[in-house]
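The two complexes that follow have chain A in common; it is paired with chain B in the first and with chain C in the second.
Up next is the complex of A and B:
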């Protein structure tokens, strides 16, 4: 059962002095998320994946389109409904250093959660619960509590933010590049923690540029290119049988241990301003044909639960 | 920065300590001076003219036999008052306008910044002259208001830039997804990060207001009653104090103004070192 439905979501930013030109950060994106599923949003920087995360967290207003959570349009929520939404939908941001207010002790992020969502919990119990969640993300509470953000490392801060989520019974987590700040040994711990949470019924939107992470953890994968989803479906199917030329290029460009880089390999870089074709990947596409420039694009189902935005799919 | 850390760096910074001592002494003089001076009225003719500093007249007398020390301590009071009121007013207006413009953005920002820019290009001194000339009676309070209402634009611009950068930090987003109310976010998350900057702006505005008031006094648009350092300077020039060799009349008020403003600047650089760890001398 899908409990988060994103329909035709578009976010435009005005460009230039008069704002006549528009930058489409997110362009007509639709997808659904089911309970207890991890969905990874994969794409290069600037592909709009973070923007989608911020839209789901209601931090930005969409230009058009809807996000429906549990039957209600997220952008029509007011006051108590909104508080309830945030009790169930939470996020961890990309940059742990700027996620903490530098002038306060880190305890404050936990205190705020209790003040806003769990005011009935008594002070003595609060401390016990904070220590418990810190331990569960692999931190030693006595080394963390009472410290200022600049006294801790990026990985520690990131895990504190994950611990903060654990105080609430979150149903949907927007995790924006949460692993990139962690070193290899703690990465696996955090990934496994996400896996545990999934078993308890939490869904995750896992935003990443790292294909292998996306593959490791997610049930479904959405591949984004310049604001559009170009390929989506079961992670296994998307990675085993990539159809869109962009997905193929991404998978080929992952360095592998035990395989030397072929220097003759050439990738066409992204062109700036090459936006006239109806297919956004037209300029870089190795299999393009003339009619790709003008034809109307639609998501095509190549197999069950595996869709792709390419005219030549299946060909 | 913890309070303890702040106190540590505060007490170790020689510039700040020096500035605090000088300003403390000047404030003490302004508050107590009128009582320890043997003469009550700075405008009263209390002795012979042209007297150099002596036991009766600690800083001598002017052409008319008025006591310079008495004038100086009263003038100091006026200057510090103008600095405090004018500087606070300019800081508060600049902070409000700049913050609203930066935080709300959109057309409110456009409108407020247009207003700010217009005020910025109007030459302040010309504006001050016109306003001051229209008022038949001018006290130091009115003068402070005029200065305060014209000195805020650059503060507004700087505060706007700060608000723009702070509001996009992720800790603000984190507070938003913790369902914090907007006002709590403004006063709990954003404002505290600006306080060190605002404090330094206030010190600069304080000095700026004193200088602006001196300028007005010097061209004869100062308070119509009372005494100020600028009026002393003006009178000394008008009555040829320099040509007559009355250095105690000509130099003293200017030296005190310079001392106040220079001390404020030293204080500012010192505070900068305290708030900004990269500038600290280790």
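Up next is the complex of A and C:
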């Protein structure tokens, strides 16, 4: 049974001075996440991936649609239920430096977790618990505790935030670009950490613009374009057999060592058109047809656990 | 072998701080050949940007401490302000990392370009044809010339700076992390545009700096890998990728995700540990604490060994072959 269900989720932002025009950052998005799965939300800037993460964390209110966690609507939770929600659902974000208050020592991050969520744990036990989670994210507690954030590297800080998640034994983690600021040599270890957490039963919404990272770590992939999911399903299927022209274009532009681009080819993906056509990719699409402008779009299943939002998918 | 356009020997650029020197570029040596794209790869803090910026716009707190960079017979690190002003932009130019912020917001693009060209005894009118031709390469309409920077998107500004910085057809262009802030699809188009500019002689050679080896693989003829302010390895792109020599390069390449490798089937490994602090750093190989092959000799600074055109700064290669 899926324990997170996102149904027809829409988030609009007002545009301009009077806010009469609206920007649909998230447009009628539906998906489900099961326990112990990593689902990546993949998209370029402006695709709405971060907005979805913030909605799941209740940092934003949806314009319409629902998010249901373990049978309950997330936006109608009351006081105690809300505390319970954050006990089970947490986020880690892109910039580890801004997640810490620079005037306090690292220890405070853990102390706050105990005060807010785990008051029953005795003070004498706390230190051992903290050290245990630090060790399991590959850090040496003696090099971390008592330090200030500026004394540590981005990779270390990001691991500390994940250690904090471990302390809570969170069930769903929203990980928004958590490794895009880390160096190549350390980012894989943080990714592997997510994989290990999954084995312990945690689910992760892994938000990224980097397709190769999404491919490496996730069980399912959702490809987003301008607020809509255009292709979704089993990661292997989406990457091996991409059907939507946008997914294909993205995969072609991922740089990979050992696979050379043809540099003489003209590659101009950038034109962003108006919102008039019913398919948002219409203006950029190499295989569009006239009816793509007006026809109603629906997710089509191209194979088991692999769906695409494209009129030409079945053809 | 093609001639060297720029020869760098034992170059040292430090940052002066209250506590001493941060040795960001410490004894770097390489040559840039005529017509090539030399990629410089490395992680944050390895000195790659200090090197690229230091060659073009050496400014405090950066301090030139020693060594030389010979361009056109002159050491460009030791020129007077007046001389460097002439060489900069005409002979060696840069697309900075935050190119989007490089444009004066109060002037129209046309005015910005004209001001710059007049500093170098030219003018907008004189170069009008060239400007329009180059704008077409980067897929910009000539209408942008009558716009203010604020009217352009970040990507458009970046491409515009690519055009502006190469109007004098410099010998050497330093491209500093120009693809890093871009979406994947835009990244590819920017790399392709830069390549086309080079084909059309907008510059002779390019020093392409990035942390992303996969991007570098696409455009670089040779790659120089830097670690903690030093050269780790220099070699032709394909050879280095197939057969990396330095333990750091090996581990770095092995840590890259690629299509076909998934966590569920195969676990990639990072490099344990973190780079050293470059403040007042002492002698010895700077990778030794993270290196699985480190041995007693690594306490001394390794020189750069030359192995038939491939260069590597690691004691394992003291006798030529890997020991």
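Following the convention adopted for this analysis, the second predicted complex is superposed on the first by the 306 of 315 C-alpha atoms of A that agree within 3 Å, B and C clash if a C-alpha of one lies under 4 Å from a C-alpha of the other, contacts with A are read in each partner's own complex, and residues count from 1 in each chain.
Basically, a residue touches a chain if its C-beta (ideal position, glycine included) is under 8 Å from a C-beta of that chain, and two chains touch if they have at least 3 such contacts.
Here the structure is a predicted model, which means the values were calculated and not measured.
Enquirer: Should the superposition on chain A be reported as showing a clash between chain B and chain C, or a fit?
Expert: On the superposed model, which is not a single observed complex, chain B and chain C fit side by side.
Enquirer: Is A:191 touching the first partner chain B, the second partner chain C, both, or neither of them?
Expert: The second partner, chain C, only.
Enquirer: Vertex at chain A, arms to chain B and chain C: angle between C-alpha centres to the nearest 10°?
Expert: 80
Enquirer: Given the touch rule stated above, what does A:88 touch, chain B (first), chain C (second), both, or neither?
Expert: Neither: A:88 stays clear of chain B and chain C.
Enquirer: Between chain B (first) and chain C (second), which does A:103 come into contact with in this model arrangement: first, second, both, or neither?
Expert: A:103 contacts chain B only, not chain C.
Enquirer: What is the contact status of A:24 with respect to chain B (first) and chain C (second): first, second, both, or neither?
Expert: Neither: A:24 stays clear of chain B and chain C.
Enquirer: Between chain B and chain C, pick out the one touching the greater number of residues of chain A.
Expert: Counting residues of chain A touched by each partner, the higher count goes to C.
Enquirer: Please indicate which partner A:153 is in contact with in the superposed arrangement: first for chain B, second for chain C, both, or neither.
Expert: second
Enquirer: Applying the document's definition of touch, where does A:129 land relative to chain B and chain C: first, second, both, or neither?
Expert: Touch partners of A:129: none, neither chain B nor chain C.
Enquirer: On the A-aligned overlay, A:209 touches which partner chain: chain B = first, chain C = second, or both, or neither?
Expert: Second partner only, chain C.
Enquirer: Chain B and chain C, closest CA-CA distance after overlay, in Å?
Expert: When the complexes share the chain A frame, the smallest chain B-chain C C-alpha distance is 7 Å.
Enquirer: List the residues on chain A that touch chain B in their complex, please.
Expert: Within the complex, chain A touches chain B at residues 54, 57-59, 82-83, 86-87, 90-91, 93-95, 98-103, 109, 112-113, 116-117, 148, 161.
Enquirer: Quick check: in the complex, which residue numbers of chain B touch chain A?
Expert: Of all residues in chain B, those touching chain A are 1-2, 169-171, 173-180, 189, 192-193.
Enquirer: Which residues of chain A touch chain C in their complex?
Expert: For this pair, the touching residues of chain A are 44-45, 153, 155-156, 183-189, 191-192, 195, 209-213, 215-217, 219, 235-236, 239, 249-250, 252-258, 260-261, 263-270.
Enquirer: Over in the complex, which chain C residues touch chain A? Could you list them?
Expert: 43-44, 139, 155, 183-189, 191-192, 195-196, 211-215, 217-219, 241, 251-253, 255-259, 261-264, 267-271, 274
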